[in-house]
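Pasting in a structure now, in structure tokens, and then I'll have a few things to ask.
A, B and C are the chain letters, set down in written order, and residue numbers restart from 1 in every chain.
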Amino acid sequence: MSKIEVTGLRKSYVERRRRKRFLSQCKQYEDCQVLDGITFSIPAGTFACFVGPSGCGKSTMFRIVSGFERPSSGTVLIDGQEVTGPGSKHVCVFQEDGLFPWFTAAQNIAMGLSKSSSSDVAKKVEDYLELVGLSGFGGHYPHELSGGMRRRAEVARALITNPEILFMDEPFGALDFVTRLQMREEMVNVHQMFDMTILFITHDIDEALQLGDRIIMLSDRPSRVAWDIRLDDPHPRDLSTGHLSRLRKEIYYRMGLHVAL
Amino acid sequence: MAVKRYGVLSLILLLLVAWQAVTSFFRVPEFVFPRPLSVARALLEMLSNGELYRNSIASLFRVTWGFYLAVATAIPFGLFLGRQHQLRAILNPLIQFLRPISPLAWIPMALMWFGIGDKPAIFLIFLSSFFPLIVFTTSSVLNIRTTYLRVAENFGFKGLRLYMRVILPAALPDIITALRITLGTAWLVIVAAEMIAVKSGLGYLIIDARNSLRMDMVVAGMVVIGAIGLVLDNIIRLLERMPSVEWSRVRR
Amino acid sequence: MNLVNKLKNIRPETLALLLAVLWLILISVLRFTLHSHIQGKTRLKVGYLPITCHLLLPVAMERDEFFKRGVMPVKFTSWPDMIESVKGGELDAALILAPIALSMMDQGVPVEIALLGHRNGTGLVVSSAESIRGVRDFRGKTVAIPIRFSTQNLALLTLLRKNNVDIHQVKRVELPPPDMPSALASGAIDGYIVGEPYAMQARVMGVGRIFRQISAIWPGFISSVLIVRKDALKKRRKDMNALIRGLYLQGRWVEKNRAEAADIAAKFFSLSPRLIRLVLLSKEVSYINILPEKSEFREIGKKMVRYGLLKRIPELWIYDKWR
């Protein structure tokens, strides 16, 4: 049985919310159907990357699958159960900074744990700080950390809950190029260390190619699954040669980007 | 820092000298605008006979109680209202209707309900802080970034824990700004509140000095009110330095 | 040392809260240690303003043993505040302007008139600019009155009427008495009518002169009266009687010891002793003959009706059982 089973996911804002804000947005796009029948299924333990042109509804899909929003129609099943809200076994890392700025890094990470004795918590938090390379930074507040460190702390906060699914919505989009490459490496390690399913949204095709066991390409809005690719290349992956390089070209081509390479 | 401090001091000195010079030069009568020296003398007089101390304590006592009562009720209520969209829709017009009414307009009512003494003054201070605090707190809850609320939901924060660990700390920087503003107004209102039937306080000091035709004491009272207001503002600004609210300053 | 370390480990939020609570305790303790002497619910609360019309109260506070024990004078700075305190039952008695007392009776506030403050002791002051020489010169001028519900106002209107001046040609403004001399000096008003010492004040400051003493406009003029609340009268008749009698008897003493009385009052009101002495020694005020008579109040009531301050003369309550 697959871990995440999504069938016929549709979302359109006009029919559900008649707020002015949305209406004006709809005028702009003339059609406010964001998702138009997205269907996919992901087995447990998969690192699934979602790519697609900007504004295609990746984040909307993300919020629906992770349980923060309801679809207009279609179903999301996790372990065969319909998703009705965000669950503690499915942790999200959002596009924007999600660390609580009023807590220190350590306090943020400890948030993921509940009701253990305090020494236990402290030790476990220290372990996870070390895991993401933040040893000694536990007492720092998020604004005292760099963008990359904040992301690491957030990943640590997600991991400490020992989640079955990790949802990540363009988590490294705001980072500089080198930091992004480092984070990719760490994500590969994390996925190998923890037995969990990762649903990873990105606009960076290279990122998807380097991380994913699956790459699901969404079409322009209203979006549907345009291409579903399975990859089993070993890590680290070299994108400049071989079939990965061809695959990359193909993805760009299908996204309508003929001049990109 | 040192430059700033000396700058402020020399500005004050300059103003004092100019004040003395202008009032002496144009022979402005003392009952129109007293000279700084006579104000200083009046200050010393009130300092030595304990009037200043006694009245400052009385004013601070009333402001403290009025303000604390407002904080203790308005902030929890505002936090709650910020999360209860339907209740807010119902109560908001009422709050917005009561808010622009100057607390001074309540003076007749306050006297009738609470008689004379501390209670009406405390009530007026409470009113002057309560409505602005509710409005500020509610809007600061509405301004909390959706991501934080989603994370809180994701990590299963609910009920009191949600308020204490997410909503309140997220709104706290804005709330502290609101506290600063409302404490300023509370201190403004106390003078007016003490001009009604109380026998003590800095507002009373001024009105009493006026009735005794002592303009020097009136100005001395004004100086003390200004000074205490400045100190209060500086104390509440210390709150902005708490590590758990520093982020809001960094982000701006 | 240990404590210092512990304090360092306290979260700043907790520390702030702790300090806030400590401040609350500190300020409350300071407040009540400093002001404990004003507490005392058993004392009769009597409202007054620092004017010579209310001079018997400070004199009694100084000279009468019952007052020292049983009376708590409450100083007001404006009439409206005092009115509300009487209505709210906060005060047991008050020295208040006669027309206000009548208006209260009309509104059903349970008060009775027990005594007059004094007689005369009001002056019509005009600017020393000499623009007003006769009553007719008031046309087009601005004259300050303490409040509409004052016999000062009624006296001014009476004077204008007697001299065939249309009262609408004179602009009357309400001003707190202490502000009147400086308003006159600044030219904001051309004259004012007020209880002493604020008429004398204009002379002392050299900004105005007395146009006419009140005795020349309204002989036996009544400014303030002592009103007592009926509920206080019912509960504490003995104390109330002592209060009224005390004030009445001090009136006789003041009449003979004016300079001494002036000094007592000046200290109590924190006004200049010289000013109060000037007022008292001028003999324009009188503290005898201060028993209230119904006929006089009917006269005041009639004037109030004439000038639209009352619809009809209310039932007049005069308390005389203490005599």
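Just so we're on the same page, contacts are C-beta pairs under 8 Å (C-beta built on N, C-alpha and C of every residue); 3 or more make two chains touch, one makes a residue touch a chain.
Keep in mind that this is a model prediction, so the values were computed, not measured.
A.B. asks: Treat touching chains as neighbours and tell me the shortest step distance from chain A to chain C.
C.D. replies: 2
A.B. asks: Out of every possible chain pairing, which has the most C-beta contacts?
C.D. replies: Ranked by C-beta contact count, first place goes to B-C.
A.B. asks: So which chain is farthest from chain C, going by the mean of the CA atoms in each chain?
C.D. replies: Relative to chain C, the chain with the farthest C-alpha centre is A.
A.B. asks: Can you identify the chain nearest the overall CA centroid, using each chain's own CA centroid?
C.D. replies: Taking the mean of C-alpha atoms per chain, the most central one is B.
A.B. asks: Using CA atom averages as chain centres, what separation in Å is found between chain A and chain C?
C.D. replies: 78
A.B. asks: Where the CA atoms of chain A average out and where those of chain B average out, how many Å apart are those spots?
C.D. replies: Using C-alpha averages as centres, the distance is 47 Å.
A.B. asks: Quick check: how many Å separate the C-alpha centres of chain B and chain C?
C.D. replies: From the centre of chain B to the centre of chain C is 32 Å.
A.B. asks: Can you list the residues of chain B that touch 2 or more other chains?
C.D. replies: Residues 243-244 of chain B touch two or more partner chains.
A.B. asks: Spell out the residues on chain B that touch chain C in their complex, using ranges where they run on.
C.D. replies: Listed in rising order, the residues of chain B that touch chain C are 31-32, 54, 57-58, 60-61, 64-65, 68, 107-108, 111-113, 115-116, 195-197, 199-200, 207-208, 210-214, 238-239, 242-244.
A.B. asks: For chain C, which residues count as touching chain B in their complex?
C.D. replies: 12-13, 16, 20, 23-24, 27-28, 30-31, 34-35, 38, 45, 47, 50, 74-78, 80-82, 84-85, 87-91, 178-179, 181-182, 185, 201, 205, 269-272
A.B. asks: Going by the contact rule set out above, which residues of chain A touch chain B in the complex?
C.D. replies: These residues of chain A touch chain B: 66, 68, 85-86, 88, 90-92, 94, 96-98, 100-103, 111-112, 114, 141-143, 161.
A.B. asks: Provide the residue numbers of chain B that touch chain A in the complex, in ascending order.
C.D. replies: The contact residues of chain B facing chain A are 145, 147-148, 150-151, 153-156, 165-166, 169-170, 172, 243-248, 250-251.
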